[in-house]
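Below, subunit A partners subunit B and then partners subunit C, in two separate complexes.
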Partner chain A sequence: MAVFLQQVVNGLAQGGIYALIAIGWTTVFGIVGVMNWTHGEVYMLGAYVGFFLTTYSGMGMVPALLLSMGAGAIIAVLIDQFGYVPLRKRGTLARSGFITALGLSTFLRYSANAAFSADPRVYPALMEYHPITLFSIGGTAVTINSLHLIILIGTFIIMVVLQLFFTRTIIGKAMLAGSQDMKTLALMGADSEKLIKITFAISGALGAAAGFFMGMLYTIYPTMGALAGLKGWACAILGGIGSISGSLVGGVLIGIAEALTSGFVSTGYKDAISFVIMILVLLIKPTGLMGYKFEEKV
Partner chain B sequence: MEMLKVENLNVYYGNIHALKDMSLTVNEGEIVSLIGANGAGKSTLMLSIMHQIPAKTGKVLFQGKDCLTQKTFDIVKEGMTLVPEGRHVFPRTSVQDNLLLGAYYRRDKSEVKKDLNRIYEMFPRLQERRRQLAGTLSGGEQQMLATARALMSRPKMLLLDEPSMGLAPIIVDQIFDTIVRINKEGTTILLVEQNANQALRIADRGYVLETGEKTMEDAADKLLANDQIREAYLGA
Partner chain C sequence: MKKIHISLRKPQAGELKANRKVIAVCVVLAAMLFICFLDDFTPSGRVIPNYFKYVIVVSLIYSVASLGINFYSGYQGDTSLGHAVFFGTGAYVTAYLTTQFSGINFWASILIGMAFSAVLSLPVAWAGSRVKGSFMVVITYGYCEIFRYLAINSNTLGGTAGMAGIPSPKIFGVRITKIPWLPSNKDGFILILMAIVGFLALFTYRIVNSRVGYALAAVREDEIAAYAMGVNVKAYKRLAIITSAVITSVAGSFYAGFTNVADPSLFGATLSITIFTMLVIGGRRSISGAILGAFIVVICPELLRYVQDLIGLPFDPWYILYGLMLVIIMRFKPEGLLGTKES
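And now, the complex of A and B:
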């Protein structure tokens, strides 16, 4: 039992990171209607910005995290401006957005490979690293690593801020309304292009935060966004596409599922489990745990 | 004074000529009703006035300003908005947030609050249900909400597309009473309806549309008395 719970705890931080990625996916998909495959690359670039800031300017964790998030927001907005705006103007985003996104994603991934080299990089130690005992069962202690705890707290704070933004501000409410019916929102005097830019900025900031946390946990490399992006999508599907709380739940569940898989089955299957779950969800309950039926976007 | 003027508007869906040389005017303070069968182009006209679909040729002037060169949200800021066909409330948003979104572009927060209270006085049902998700409301309540939400933008001119569609007769009466009341409080109204009888009864003037063309225009009471109209649209 203690071993099982230990694996669950081990999966939490990773799950929080997946949740951050998944929310970025799902907000953009909900509001803009495009599967933004560049999201994994924004995550990767966020991780690199964090790496350079902490390594070469010796910046501390919090300011470096915030700056990485800012950089992620700018990168995502630029991706929209150069990648998707021309398609929206021509009304072909729904048809060709997917391919443009794949192309941009590959371009960014291998540009990063060329610019930063393929060598994995390691963040400097940003904090003390030790296990903290949570509770014990039958004499066996279940512990959480202090680094995991900080990542969980950081993820939690970001989620709370995001939740307040969506429920308390008129722009946040408009984004949620826009994901339901953007055309009608225009009849309220809302500029959809402005809302879309804000959406990309938020998505980029979340992706970069995820990349930064990942850098604190593991090594970073230019192709890290490929798998993480896909996994984020799997989490979003599990939670229900378009649902923010669903993405949170999906991310944490998949993080835990991975930890359990590597603990009890084999680490070799760790990366496969999220996609097994994704495929099962699509077969059994395509709307996910907390999702709703999606209307076709214009 | 002319508030809205549509001149020789032509709209196409692909090869289909949906609106043919459509012209109409709505004067300040009026209720003008557009009647016609399904597919006559009534909704197309409403959507192209708001520039939600593009027109090929022609003009739409609101208070003398060209709407076809503006984006929908700018037209709303000028003081004209549409309650679309099928209501289109935001189903997964609360009733109150739907109303607040109606005032999205307004920066006069204290006035918005006053307007919200005024709306709740006018529609006590919406106040009772303000915390509910709009998707859980009945059809009649959703129509009230969509109309109230449009009023939150303080329109000088309100376009209503089929507000009575699919509603029980008693609710339909309420909806028409509300429209008259909104008009009396100073909002000019262009109304599209299949319920021609009631639409013409509350209107000052009316237009009849058939397959994308205007076939008749007159004072509403004259249209109500017209034999052809009575036969085709009033079931008499």
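And now, the complex of A and C:
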């Protein structure tokens, strides 16, 4: 039991990171209707920005995190500007948006590979690393390490801010409305281009934050976005597309599922489990755990 | 009077196009045969490097895969990032059967691989009847990645290293790499694969211009309308994915037979994306486009590698250009290089 709980705790921080990626996916998917395949690359670039800030300018964790979130937002807006805006103007976004995203993501991934080299990098130690005992069962202590705890807290704060933004500000409400019916929202007088830009900025900031947290835990490398991006999708689908709390739940569940798989089945299948879950959810309950029924856009 | 009128009438636009196509096919065919047999007639050794022939064989193998995915992502119209499942299945079935049971010959293993792929395509068809669009993209992506992890973690399939030592196929008791009247060990493959690509092109052309092809077009354009017209939507979709899977599996078997190895990357999403983008670059629903796309995606990186060595670049520029190429094609010619415009 203690071993089981320990694995669950181990999966929590990873799950939080996946949840951040998942929200970035689902907001853009809801508003623009395109599977933004470049999201994994924004995550990777965010991790690299964080790496350069912490390594070369010796910044602390919080300012570096905020700055890399800003950089992620800018990158995502630029991706929209150069990749999707021309297609939106021509009205071919629905048909060629996905392949454009695929191309942009390949371009970004391998440009990063050329610029930063394929060698994995390690963040400097941003904080003290020690296990904290949560509770003990039958003499076996269940611990969480301080790094995981900080990442969980950081994820939680970002989620709360995001939830407040969506429910308390007019732009956030417009975004929620847009994810249900963009056309009608535009007819109501909302500036849809501006709304899309804000959506991309938020998505990019969240992706970069996820990348930064990932960098604190593991090594970073230019192709890290490919798998993580897809796992983000898996979490978004498990939680229900379009639901923020759903993404959090989905992320944490998949993080735990991964930890349990590597603990009890085999490390070799750790990365496969999220795909299995994703496919099962799509086939059994396509709206996910907390999603609402929505019309297919693409 | 009437006869003269007919013989003097202006050729129609469609006819001209058809004529041009026939000429293009003849030119390509002649060029291939020229490449194959040139070395037979040159007294002083090899003129065409073996490496060049290697690239052509790989291009032809991917042409088969690209023609295969054309049935699903082209004629049926759904994006698939999972065709590596069928490519890998073909390769692994051939690898396993020819190395473990030495009695089974290559050609039989192709057929068995086709059967396996057909079975593995059924879940995709089933999923396709429940889920659509972007979600189908991630389902197919996840599907092939799951198989990659299975192959990596399976000891019988050789784990990460895959299976090596697959014998080259024999034809009438002669190894295809050692046919005496051919100048190099690649020419046998080139000739056989050319025949297969030609057959598939004809097959595709015949299917598309038949009842089945029209039904697929109807399903692609508007599923509900097609259903209302009495088209059995589910059956035609299943037919498209099975055909597609079976053809892609043949490409996989040949890949294994040609390179003599099968490794887990043959199940990977990266390969799926490559196969899919071949079709997209060449043009969905275009037979010549599918073949052209495969040649572009195989030959360009080889050329670039040469350029890279020449100017001493520290990184491989291909993937960067490949991404850009996709973006540019989607912006200026979203139907692909040889595709026809949609209304």
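Everything below uses one rule, namely that the second predicted complex is superposed on the first by the 295 of 298 C-alpha atoms of A that agree within 3 Å, B and C clash if a C-alpha of one lies under 4 Å from a C-alpha of the other, contacts with A are read in each partner's own complex, and residues count from 1 in each chain.
The working rule: contacts are C-beta pairs under 8 Å (C-beta built on N, C-alpha and C of every residue); 3 or more make two chains touch, one makes a residue touch a chain.
Just so it is clear, the model here is predicted, and its values are computed rather than measured.
Asker: Looking at the overlay on subunit A, is there a clash between subunit B and subunit C, or do the two fit?
Answerer: fit
Asker: A:D181 in the overlay: touching subunit B, subunit C, both, or neither? Say first, second, both or neither.
Answerer: Touch partner of A:D181: subunit B, not subunit C.
Asker: Considering only the touch criterion stated at the top, classify A:V160 as touching first (subunit B), second (subunit C), both, or neither.
Answerer: neither
Asker: Figure out whether A:I170 sits in contact with subunit B (first) or subunit C (second), or with both, or with neither.
Answerer: Touch status of A:I170: first partner only.
Asker: Using only C-alpha centres after the superposition, what angle do subunit B and subunit C make about subunit A, to the nearest 10 degrees?
Answerer: Spelled out: centre of subunit A as vertex, angle of 90 degrees.
Asker: Is subunit A touched at more residues by subunit B or by subunit C?
Answerer: C
Asker: For A:D191, is the partner it touches subunit B (first), subunit C (second), both, or none of the two (neither)?
Answerer: first
Asker: Upon superposition of the two complexes, what minimum C-alpha distance (Å) separates subunit B from subunit C?
Answerer: 9
Asker: Sort out for me which residues of subunit A touch subunit C in the complex.
Answerer: Subunit A reaches subunit C through residues 29, 35, 83, 86-87, 90, 92, 95-96, 98-100, 102-111, 113-114, 117, 226, 230, 233-234, 237, 266, 268-269, 271-272, 275-276, 278-279, 282-283, 286, 296-298.
Asker: Can you list the subunit B residues touching subunit A in their complex?
Answerer: 50, 52, 71-73, 76-77, 81-82, 84, 88, 90-93, 97-98, 100-106, 149-150, 152-153
Asker: For subunit A, which residues are in contact with subunit B within the complex?
Answerer: Residues 170, 173-174, 176-177, 180-181, 183-192, 292.
Asker: Give the list of subunit C residues in touch with subunit A in this complex.
Answerer: 79, 127, 130-135, 137-139, 141-143, 145-146, 149-150, 152-153, 269, 273, 277, 280, 314-317, 319-320, 322-327, 330-331, 334, 342
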